[in-house]
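See below for the structure under consideration.
Each chain gets a letter, A, B, C, D and E, in the order it is written, and its residues are counted from 1.
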Amino acid sequence: MATQIPQTSTSEHASAGFLPRIGRSLAVVPALGWLIGVLCAVIIEYVIGDTLAVMLYLPKVPALFGTTLVLKEPLLFPSALLFVLLVYALPIGAVARMSAGWTNRAAVALERVPIWLSVLVHLGLLYAVLHVWTEASDYRLQVAKLIMIAVMLTLSINVINGYMGEFSCSHPGFMALGAYASSVFTLLLFKQDRLFGAALLPESLGPYFFPIALVIGGAAAALGALVVAIPSFRTRGDYLAIISLAFMFIVKSAIENIEPIGGPRGMGGQPHWSTLPAVFAGMAICIWIINNFVRSTMGKALNAVRDNEIAADAMTVNTRRTKMVAFMFGAFWAGVAGGFYAHEVRHVTPGSFGIQMLAEVLAMVYFGGLNSVVGSIVGAVSISMISEILKPLQLYKWIIIPLILILVMIFRPTGLVAFRDFDIKRILGARR
Amino acid sequence: GKKRETIIKIGINAPITGDIPKVGEGSKYAAQMWLEDIEKAGGLQVGDKKYPVALVIEDNESKAESAVKANTKMITEDGVMVIIGPQSSKQAVPAGGVANDYQTPMISPWSTNPDTTKDRPFVFRACFLDPFQGPVAAKFVKEEFGYTKAAVLYDVASDYPKGLAEFFKMAWEEINGPDSVVAYESFTTKDTDFSSQLTKIKDSGAEFLFTPQYYNEVALIVKQAHELGFNNPIIGSDSWGSAETVSLCGEDCYGLFFSSHYAAAGAQGATKEFIDRYQQKHGYVPDDVAALTWDAIRLAQQAIENTGGLSGDIKKDRVAVRDQLAKIKDFAGITGNMTFTEEGDPIKCAVIVRISDQGEYEFYKQVCP
Amino acid sequence: MNTSAVHNPPLLQVIEMTHFFGGLRAVHDYNLTLMPGQIRGLIGPNGAGKTTIFNLITGIHTPTRGRIELEGRNLVGLRPHQIAASGLGRTFQNMLLWRHMTVLEHVRLAHYAQLKYGLAGAFFGSRLRYAEEQRVADNSMRLLETFDVARFADQIVTNLPYGVQRRVEMARAMATEPKVLFLDEPTAGMTPEELVQMIGIIRKIHEEFKVAILLIEHRLKFVMELCERIQTLVFGEVIAEGTPEEIKNNPDVIEAYLGKEEVA
Amino acid sequence: MQLTVENLHVSYGQIKALHGLGFSIVQGEIVCIIGANGAGKSTTLRAISRLVDAEKGSHMVFEGKDLLKFQPDKVVSELGISHVPEGRRLFGNLTVMENLQLATFARRDRALIKENLETVFEIFPRLLERESQLSATLSGGEQQMLAVGRAYMTGRKMMLLDEPSMGLAPLMMLSMFDALKEINRAGTTILLVEQNARLALKFAQRGYVIENGRIVLEGESRALLENPDVKKAYLGG
Amino acid sequence: MAFFLQNVINALQWGSFYALIALGYSMVYSILMLFNFTHGDIFMTGTYIGFGVATALVALATALSWSMPGWLLLVLTIIIAMFLTSILGVVVERVGYRPLREAPRASAAITGLMIGIMLEYGNLAILGTQRYNFPSIIETVTYDVGGVFFTNKKILIVGVALLLMIALHQFIHKTRWGMAMRAMSYDFQVVPLMGVSLNVIAPMTFAIGSALAAAGGILYGMAYPVLDPFMGILLGWKSFVAAILGGRGSILGAALAGFLLGFIEIFTAMVFPSTFRDLIAYSIILLILTFRPYGFFGQAHSAQLRL
């Protein structure tokens, strides 16, 4: 509900007495209303952002709500805050509230059409918001894309670690497989390149083949996942964690030893196909399919395997198939995320897919919340943002982020939004 | 509104955190020393105007993805004119792509991977490449000792040692015929035990060992080799060129040779000045990263000055700076004289350094391409 | 053994099943002929091997020796979920519930083998899937009502009272549409009042779903009232088999299991 | 009074389990608590052995000492209250013998320990047979025996028994209750929680009936057995 | 032959480090059922503490112009460092693990990971990026027996590892304390009912584990004398591998698996091209676990992950 607007809730802390009242009056706004509010805000920023920034002595339109400025130049904090208030908080709140009447009516109307249509309408709006917002700065765009890739990755690991309850450490490995497989595909076909020679197809055709490249990446990762899935029939828990860890090391070491794909030097020159619409579509599809799956009875079998395997077996659940599906499915999306990553960063090295990345994705998934699609989104977005914001602190960043995580774990041991169904109907529905 | 003043911003893309913080620190300190100089002079004189200068230091966390983000941010948000860094090829290659796309000159002080600068007119580097340094070491050993059987020990998972090891092997086999590298052994980053590889090396009858590793590994490799009874010479590369090599390795390393950009002990002129200043300020002799960063940033300064005046339009100025960079001839860096090739790689001489019996880096020999 | 078998083939037949745990012979030459719709009891002292028999039949352990046939089809060597899907439902002595799942989810999941929408349906949400999920949900609610636990449908099982959990477990077992239901001490931890209620519930499902039932129980009242025939197991071997009356008066059973007071 | 409990309040997060419950026990008694599922019987025992925290205002005194001041391990080692928890809760990775030995962790009286051990094996000969088997692989009833034996080994001023008859075969149940009587005769107070009310009341001298976290009835066992309400609600008609 | 024997010795030394660290890891891991991801960093901190203590002792001895014999210096260093590091272990238990005792195990694993990162960067923030040279506490003596080289330090290291392995195994299996620890790994909630205090057993476990890490760290520092704030990461993960390969709950298994890991790494590098070392070594581990799903001495029931 109110989770949709972090800006207002953080920036209006001062008026604590107000807050409940504002909160109540905003509670009637449906998702549609919020989206429209945010769209207005980003359009306002697009139009007058630069002028306003100059007036507020800001060097530029603050890229991430001024958060990246605050630590570098604390003096600019009031200006940044004012900017955020004027450009985001106020317009969003006002537009959302004022349009609540008709957006609610629209939401009611949308409740009557097939759900996918309603979802498409909302997604379209959300995309519009992102599109306008990222127009302002390429840095913003890149951060947004990398966050969306992180969301995919976190979701995919939640399938295994959260829904099925195995402590899998192999995700960097899956991602590496996806990144490399899709890169090989695109470089082979569309790029004149040191490793594979001339392009086989004209590059202009490329973007149409990008989905295929991603699927190939995902498939490679899914195939790799068999190495972990098959032992999981007979063992689990810690032992499986080690198997998956070994898998990660094996993938890294194997890539290092394959000269044709660059060995430790890595592989570069991928075309820049991870555009905003592509990544956005990828993420939306990923969320949609994963959410579909985990909410189906077949997907709930993952939970049963996690909570008690013997009982699952005795209740006709094919546990082997379930594990196989979970690993391959999770790995598939990690591979797709890897494909996006490779075509965004445009250079992959085996060294990137190691323990450091593992620590990061684990942090995201456990911070956000186990067994929850929303949790993964929250985890990926917040950890990525915090990590971006605190960069100016350099070393101390790595003391503060762990501290935050420890506190979250102590007070919410299963993560921020754990064990909650992502109920699209309820989220998109009208509010009364 | 009000007109914004033109500030020349230099971006530093360095691994302040992550697994090689020392490298980040060296880059940061060198850049800050340079900034002091400029500020003392009241700014950077370009044409007939003095411009204030600012450093934008971004941490790339020793990660490719963060290096890319840092470059994008510095270019699109901060509006830097030149980027110095990233240091490791793992980050420099992808980050170079970004710089090139945005037509922003970038100089990586330390990256040896050919891909960093290849087909990227806007990307330069300040160090020499493996295809040059490998043969230098091979030739030196042949001329100096006349050996015929070589052993190599390197980190497979790391770009620099692996590349150098390969070129060394190629050069050595060219001189001494096939199979003259009798042991070609490897390990993985962060390994500390090399006993198995060293046992193999010793068993192979190699007359010397070439190991293009970083200083922390050098200490371990040399000590373990001695413990295993391998007492033949051990030869290194420019990555040995940190004061820490000797402080960590101690007497075990005395008398060994390595190829490098400069020799700290015998340094003269600007080089010595830099070393002394750095040491005074930070308490240790700067390593090659710091020296190369210093040269890179001075190269950038030179190019900016050579433009003869800034237009105020950052996009145009960047192109102008890049053109001037490409034109630089015989730049007198503290790590040697440099001229850029077509690809943006410097042509420079190497020196052979001997670690003296006092543990100092003595100039031994110069080798030019 | 059973003469009517000629006309009416047995539903479940276990022949000379034997099992060892290491050197320990837990079950020895166990035979069982269960006719459709029959309710049978299995009693015996602690550690006699009753639970082990259940585990063997339902595939959790594989018997060292012996045959198990359901409607003439061999079950030995099948994986537990296949055995379950072919018509053997069960509950567990220690109740194996899924800690993080709601009551309704428990029962829904037990329909797993009946789902036909496949992975594609699960991923993309086909029409078939929604139809099936709806059917499963309806059926689950019906079962919950049968067991009188519908009001807990959306609660996480771990916080529920013991007796409720037992009934959820039975509802879950019934959702697999078993032909034979194995109940391992279904009344452990229940009050006498609930015990009576449980007798009613078991009668009801027996009639409504036409399942055959094999139950392990130490509460004699329960066994005597429900079962047509009872086997008594001691040290893995059946020492007596017969109607409740016969068992109650069998001196061996009294000696090994019941004790004199209980009968009196 | 050996144990006095007054105004006991316990909650599990949002769920309130006990609402100001109170009762008392005299040294050497056998007292039982009966009640429906979820009435709060186990919670009461857990509160006494301090496994769950009692809320403010609760009052528990054992032999003149404020029970609430003791850590759970001290309740066992210093006050001598042992507890057979619901669901047995054996240490499955330890053998039968190790489970019994661990129970004497805080005890120093070696000679007596040895004697007690023999007593346990006398009551439950099956445990002796299975001495070095991992307790996780015991049958349900065997586990129950071990749980009782283990509690016997810890401290013996008072024993809290949570459904000790669960899963025991009739004969075994009789012998266990005989053994408990024996233990009681040797001076251990017994507080018994049972679903099987008839059995419990037959065994105990006094009983309490608990409903929704409150004591609703108390009295001599015999009286309770005759009480029509109890008969109807807990004795199966 | 000399070549082979030399590698056996290499493997023994290298394996004994894995064994030593895995022992400490296994203590906490198998008792508290925690993935103790901090262990590698406690090991690192222990090494630094040992470094500090040794340096201070040498300085003290010089100041008092007293020539301390090497073995005394070593013993003193180890004892003091073990003590100090065990305090660190207790603190880690108190802030990082105790509040999460009832939480899913994976959450505690994450806090562990995070505390580890804090230790790394805390170290970096305090001591800077410089690497330190661990003092050579005792004089290295190299022996050459028919072309096989080994040093007095190697003998010491292998000896200590074996000794600690046996001592710890006895402690866990033969004493009441050990029994209580094992019980705790199975069901910590009812451990108090045995008259055992969780708040004594858990910190004690951490203290022992951390002290072992310090001992291992000092020996490690003597053998590989380059200190680095990130030196514990890889060793920590590998000892994690060893502890689990040995089988949950088995101290002996952990140590043996540590030695095995050492042998696998050294011998794959010996037999195959060393570039394939990790690939082959980890494939072997993967295969071992595929065919021995519960490690060497583990039991099936112990594999459940508490969530």
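What we mean here is this: a residue touches a chain if its C-beta (ideal position, glycine included) is under 8 Å from a C-beta of that chain, and two chains touch if they have at least 3 such contacts.
The structure presented is a predicted model; accordingly, all values stated were derived computationally and were not measured.
Shared contact partners of chain D and chain E are absent.
Fewest steps needed to get from chain A to chain B, stepping only to touching chains, is 1.
Distance from the centre of chain A peaks at D, each centre being the average of the chain's Cα atoms. When the C-beta pairs in contact are tallied for A-E and for C-D, the bigger tally goes to A-E. Between the Cα centres of chain C and chain D there is a gap of 30 Å. Here the CA centre of chain C is 49 Å from the CA centre of chain E. In whole angstrom, the spacing between the mean C-alpha positions of chain B and chain C is 73. As a whole-number value, the distance joining the C-alpha centres of chain A and chain C reads 45 Å.
With touch defined as above, residues shared between interfaces to two or more other chains in chain A number as follows: 252-253, 256-257, 306-307, 395, 398. For chain C, residues that reach two or more other chains under the stated contact definition are 99-100. Looking at chain D, no residue sits in touch with two or more other chains. Taken pair by pair, the chains that touch are A-B, A-C, A-E, B-E, C-D, D-E. Contacts from chain A toward chain E in the complex involve residues 161, 165-167, 227, 230-231, 234-239, 241-243, 245-247, 249-250, 252-254, 256-257, 306-307, 355, 359, 362-363, 366-367, 370, 395-396, 398-399, 401-403, 405-406, 409-410, 413-415. Contact residues of chain B toward chain E in the complex are 17, 19, 21-22, 24-25, 156, 185-188, 190, 192-193, 195-197, 199-200, 203, 215-216, 219-220, 223, 226-229, 244, 247-248, 250, 284. Here chain E touches chain B in the complex through residues 3, 6-7, 10-11, 13-14, 121, 124, 128-131, 133, 140, 142, 144, 147, 149, 151, 224-226, 228, 230-231, 233-234, 265-267, 269-270, 273-275, 277-278, going by the rule given at the top. Within the complex formed with chain A, the residues of chain B that make contact are 1-2, 4, 16-19, 21, 58-59, 63-65, 68-69, 72-73, 75-77, 89-90, 93-94, 97, 101-102, 113, 115, 118, 156-159, 162-163, 188-189. On the side of chain E, the complex with chain A involves touching residues 29, 35, 95-96, 99-100, 102-104, 106-111, 113-115, 117-118, 120-122, 124-125, 233-234, 237, 240-241, 244-245, 248, 275-279, 282-283, 285-286, 289-290, 293-295, 298, 302-305, 307.
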